[in-house]
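Scrolling down, you'll hit the structures one after another.
Next come two complexes, and both contain chain A; in the first it sits with chain B, in the second with chain C.
== the complex of A and B ==
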């Protein structure tokens, strides 16, 4: 059995975030109400509901009472005027609201219950019951609703409200049932349902306590739209004179207005109020729809609270910044505070220059990509999260630079920034990414125009991402997709030349050329990733950025692809930036390794030096987390705690809460990436750790300057 | 651990003697029907699991190592009775069990609990941690009062090293990190007081630095609670460190098994050798030749005749394509399904030495 120590990532202190969440759980349910849209919607629906409930009690005028005030406009006596036989329209409206609302809501409740029963049963039970229920649902879906309602009501002359409600419910449930069935089908296969079954839950509880709560948003949305539909249907039926025309509802008012030619008399007060009411209640219910998700989903609920707190913090931040010349958001590397004044910060920025101290000119020429002090922020309306913080790296021509890190380390953000494919929410406040072409010209990728960038990508630098299935177009043959890349960048190529090149590329990545006519889904995961590599190679780029290219693949396939990449790299001479969480693989294939933690590089060294003697406590922990296959078993140490949360990084060194060698100083002072030399003066690594700053950097900094 | 009161001890009745397996799979085969196409009259099946024998012992970790599609997750679900075997038997404490729902399934899962791979998907997003744990406690321990449920919940969370409990119980799954959620998955499984834990790739979706903590926790629970643990993984190196017994699965069949150290250090089956050679390992001599393999596992709808590995196997002989190899015993509990290990001297011995060199314990 393992001899390692036991740690717990539970050690996360009760942070402010945790407190937020507790609050969120308590007040979260009300959170959905805060949006303006939802508020407006609620007010409208509430107003109509109040009128429906209390209106007829408060308004004493009998809506059916005839008077001599015929066809009068709105006045103090008749708030909404009168009809052709002197009936008070305001009072008709008040009584009509009750009927329209009751019919709408009761019909929608019935329809929703029906669709829940049918949808959940069909979706969860499957098999024959699903087929029968789906057939019935589909039949109801294809029957045109309104004509059916018209016919059904036609068979019941002077149909009462109950009959109307039932007719509407019977014709309106099918769509909801269909949606719920589909949703249940997908939820049924989710892990948490399987977990509930495996823990012995009964079918009844699984349906109603595990699956149904996840469908609340859909049920509520369906319900609200069914209410709208039912009110409209009732109004249409009444307008057509298919309901009892003496029982006031919005539709009945419209029916009389139409029958008595209100429009030609210009009696707008007669038809505008019911029409407007129907439109308003529809709007109100639709607006309420916006709030449902936030109201129901616990995740969105707490996100709302967190957003609010962040907004508050940002405001405070801005205020404090206005007060004094404090560096923006995250304090700059505490170089000034470190050992020996400004000079020390220099090597941290110009890593590559120092890395090739031997022949400065030759060493420079050797570098194909140089990243200098790169920062990437994710900016939302209320927060700024620094995902990449002052990264400097150099990639030498024909070599593999490996970048390793866990989730939240910023390694993927770095990959996206290098290729300038980062999301629009990501901003790059400082930094340079200098590309040196084969002919020696240097350009800053971050300053390229969109046009230059289009040429640059694929021609000079290409990308292979983790998910090959998503990157390939499912409806195009893979050969055609490679050809597309060629056609876009090499318009002068003839179709024959392109075909030839596709065949050549496929052979290169180990796919037989007859697979060019295959669709992506016909290829295995490994084959698809090979196609992605072929596309990346299509234009002979100088650099390929690979972001976890083999993570989704099985070990054997992963090995096949890695071997292929390395063989191609040696043959074609391109350089690779290889990003992964798998440190043991990186040590095998990379020349240089950089370890990222919480957006910064904490250690950088040649793969050999790194494996022989990792210096940063985090690096040591990472290496100590991998079980080995060959050699004697060794004690696995692992790392305590959880990967960093970029929203709440600790003060000082970001790694300090998990560090076994932590000192008081680490909680205050941020370490800088500094060279670390072995006794013979060989620079074996660059490390950002206060353990080494105490002794070595003074000498190192001195040596660097000479 | 003092957090577990004696009533919670696993039911280690007389049937669970040390050399009797707690849970056993005997010749289990599982075929899944393939949806038939129009104009295709044949009834086709996926041969997901074929003739698997597996024994799980109390206080021991048994690893099943395989690639995706090898059938290793199906094995876990068969043992959890979430699927019914097409043929063969699943025996709990020596008694064949076949349940598909209701009270008997409830009783069965009280003894055999499943931990799923995805710590993000295996919790219902609309329920709190307290709900998830509380349900399992109430299902398997009828008549607990709310106070008792809370008390047990706190003890379980302490057992998976999540403390203080109230910091976790009121939370929703999305508010916890992957490692914390996987610990709660373990707590949820323990809530039923099982004798067997089936862990399907319990750490593969976690960050590297926290995998070890979760694995060590499982190992500790195996010792403290005398659990039988099935550890399903694609990572053969972790099986070396973490399992007592390792079995290797390929295309629905177990191809090799034995003490974990023997299987990983002296692999006898060419497929195991390929797996080991493919795994990243900085300690390995980089100049050592690697098997040249550019193939992929076969289709399980129409698996190859004979040994399912033979189309990829560098040592394949005519016999391999014709006859499926039986288990060949290699001593010390180590076995392999490979004709290379047939002791019959008249057999084709030419290729044997190459493999046997690595197969013989030094």
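== the complex of A and C ==
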């Protein structure tokens, strides 16, 4: 058994959600930089910079010149009025802008250089130098800065601007150094840095060519906030009279205004402009920083617009659903595949199943969940990507339906859509997800109200996420995380009863009951996944959706967990939708298998038939790329090319660029999912491939794609 | 209980860090007066001509390093005096002891700056939680406003507030910590008077700093809301309150809390200037006066006390962090 390959592949396979996020990040980043916030910030900062550079050249009035216009309000002659000895405040402001800006920027440049040197050195070298530098950094962070600066400048009476700049820089570098150290530390372990080191590049070169360019955004953010801090500090010092009070800066203007009781005389024109300028430039720089923040942390970006739009849409949707004509819900059909069943109108919420159409019949036709023509779109500002395209599936009670495909095939999106936990950017324009309860009541999950959904989920349908580490709350005991699901759905249960149920569930999944008080980080990966399963089982649901529940685990643990799931399934009788990229595992545990490619189902068959003879060229490729857990050795072949880009699907069959059996027709015509019968008339699969359409013309229901 | 042991180690490590920091800060405090160019002692003696007794003159010379002892001897002596709580005598308030002056100012500062810093953190964090939870909601629209207010210099904002609310509208008293002449003590009229005076400075501090916490909490909240465990919590059908508080909020507040500990020095430093604006009788105002009078013993003493207060607050924030995050025991 070449299990190594399997494990390797499992570890490397990026999740679809992650891939989507990366894609979103790439597009969003550009938008983020162009956003209104950043533009406004840029304009403000630019305006002040221009005044600082050209202002003193253009304004001829000497700011220190005394005149007889004492304490005059703004006029055409004195744009911002005059001070107690008739100095022109507009001119003071223009000259002051230069000093304040220069001090702010120069101090920030010095501080940033300092933090770069310390942060990069500490982060890259590690070891003792890191320990020492981090200690120094933290000391500088914790020591109250302003009192120190105040005392420092106090010890240097009539300090010049240069001294002020140095003092500010010395007290302001620590935060940036701390952030850069952390970033360098994480970059140091990345592949491209490791590679550079292995190829013998010099440390200097690695730091400046490999690491630094990747920290540009963080350096910029630190720099901008240091500028704000420096301008504020300089103004504070000047206001306290600790700098030379004859060299005009915003702080010095405020110092004189305060010293001469400007406000008591109502001379707001003397007081407001410098403070407002400081606040404005600070706002401008902060706004630019928001843009950088959103660039660094993509989650912040989708925040405003997308969510708001989604919420509005949802509201409109609900409204139209409530008012508009109720679309037909197909009552439990005996044969789920008979798509041509007549539409019968029914109330939106739940309908009793037709007397004995399917409810009574256990076994083959006892459908617990039926997905019909489901579409899921990811909607961004200018694009719509169809991640799930017209999927129809049926899950029989007490069985396992396996869904397999590569990253980006839409299988995880499908899992989230079934539970209606899809992201706000995802929309479901069409489709039905019909749930049949044990008593035969049918409900369309997509038409449930939020309230109904909250009650339904977990009670009837639960989900096991891919990574237990991420799905468990790190600061709550695992017992409490099982218990709160019970408390939410069974308010009548006493605390003692809930505790008892938690112990029962933990025993069920093979965890000793005293681990209920453990925190997630105290458990092993396998144990955490078991806890996830216990959470999913808490309310005895009919269906559990499992989204690659064992992907992050090693093979031995994988095997144990799978055995546990199957044992529990047989004992408790729930049904499973199992999503994975690992086809060999699926063949072992699933009753029915569906293969997805580019958002569509390309093949669907019973696990036995599928294993015996996979029909779609893509399925064959998938089987060929995985070693079987048990079974004869064979050569691994794999599929050429990479998973499809949903933004630009090829014409005809989406798989055609990678298909070994491609024909001219495949590049033009889209195949539909059609039944494929063996010679004895047994329907052994349903395949969407033109290879079979030729030999077996459209006869049976071909409406799946309608 | 092994984990308690591990927590202890973590806290001991932190305590050690604070000791080192205090040591560094206080050594700096020792060096500062010695870096002054020129001959400050002669200038000082001139100013206080004949008013200083020989002992005070000696203490003054010792402070600026003008003794026969070497630097090391002076340093040892500095620590000896510090550990005995002897900060010397203030010049500007000669012959009052530095400790007495600090003792008078400290309660005012702790009451105003300390309470406002905590209040602002709590309000900002609460608003930030809601803003992150309801993205695009009304709290979100506060963000540009609060960004602007955070960029406004404290003291300027304070002065404008004084002008508007104390001078023009006369809603609040103009300045000071209490009305001179009111009998001091733990009685209702005095406390009422103190609260009335503290109201305006408190409002300016909270209003101008709340935005910082709001924004950082909101951003952390948004980041946390995308976590799988929040999605799972929603899927489990938990109440909004439980998801927002126990799942999203409690995780999101952790970085904010760490930031709170680290920026304490910055915040306290900035707020001290508000005392100057309001002529508030705390140690910030005293420091301002000490600098004006070049009163180095007083400056040294105040810097010492601010450093210790900030470090102590940091230690408390660390303790709270350890209580809130079970993973910290692993970090040790």
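Here is the rule we use: the second predicted complex is superposed on the first by the 571 of 706 C-alpha atoms of A that agree within 3 Å, B and C clash if a C-alpha of one lies under 4 Å from a C-alpha of the other, contacts with A are read in each partner's own complex, and residues count from 1 in each chain.
Rule of thumb we're sticking to: contacts are C-beta pairs under 8 Å (C-beta built on N, C-alpha and C of every residue); 3 or more make two chains touch, one makes a residue touch a chain.
Predicted model only: the values in this text are computed from it and were never measured.
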item: Partner chain in contact with A:432 - chain B first, chain C second, else both or neither; value: neither
item: First, second, both or neither for A:214, with chain B first and chain C second; value: first
item: Touched partner set for A:152, first chain B, second chain C, both or neither; value: second
item: Touched partner set for A:559, first chain B, second chain C, both or neither; value: first
item: Which of chain B and chain C A:67 touches, first, second, both or neither; value: neither
item: Which of chain B and chain C A:606 touches, first, second, both or neither; value: neither
item: Touching partner for A:382 - first (chain B), second (chain C), both, neither; value: neither
item: Footprint overlap on chain A, where chain B in one structure and chain C in the other make contact; value: 297, 299
item: Contacting residues of chain A [partner chain B, same complex]; value: 1-2, 4-10, 12, 14, 18, 21-22, 25, 190-192, 194-201, 203, 209-210, 213-214, 216, 296-299, 302, 406-407, 510, 524, 526, 554-560, 563, 581-585, 587-588, 611, 621-622, 625-631, 633, 636-643, 658
item: Residues of chain A touching chain C in the complex; value: 135, 138-139, 141-152, 154-157, 175, 228, 232, 235-236, 239-242, 254, 258, 263-264, 268, 271-272, 274-275, 278-283, 285-287, 293, 297, 299-300, 303-304, 307-308, 311, 419, 421, 454-455, 457-459, 462-463, 465, 467, 470-476, 484-485, 488-489, 519, 521, 535, 538
item: Residue ranges of chain B in contact with chain A within the complex; value: 61, 67-68, 80, 82, 101, 105-106, 109-110, 113-114, 116-118, 121-128, 135-136, 139-140, 161-163, 167-168, 170-172, 174-175, 177-180, 183, 185, 188-189, 191-192, 207-213, 215-217, 219-220, 223, 234-238, 240-242, 244, 261, 264, 274-284, 286, 290, 293-294, 296
item: Complex interface listing, chain C residues touching chain A; value: 17-18, 20-21, 24-25, 28, 32-33, 35-37, 135-136, 140, 144, 147-157, 159-160, 162-163, 167, 219, 222-223, 226-229, 231-239, 242, 246-247, 250-251, 254, 262, 264-266, 268-270, 272-273, 276, 287-288, 291-292, 294, 299, 302-303, 306-307, 310-311, 314, 324-327, 330
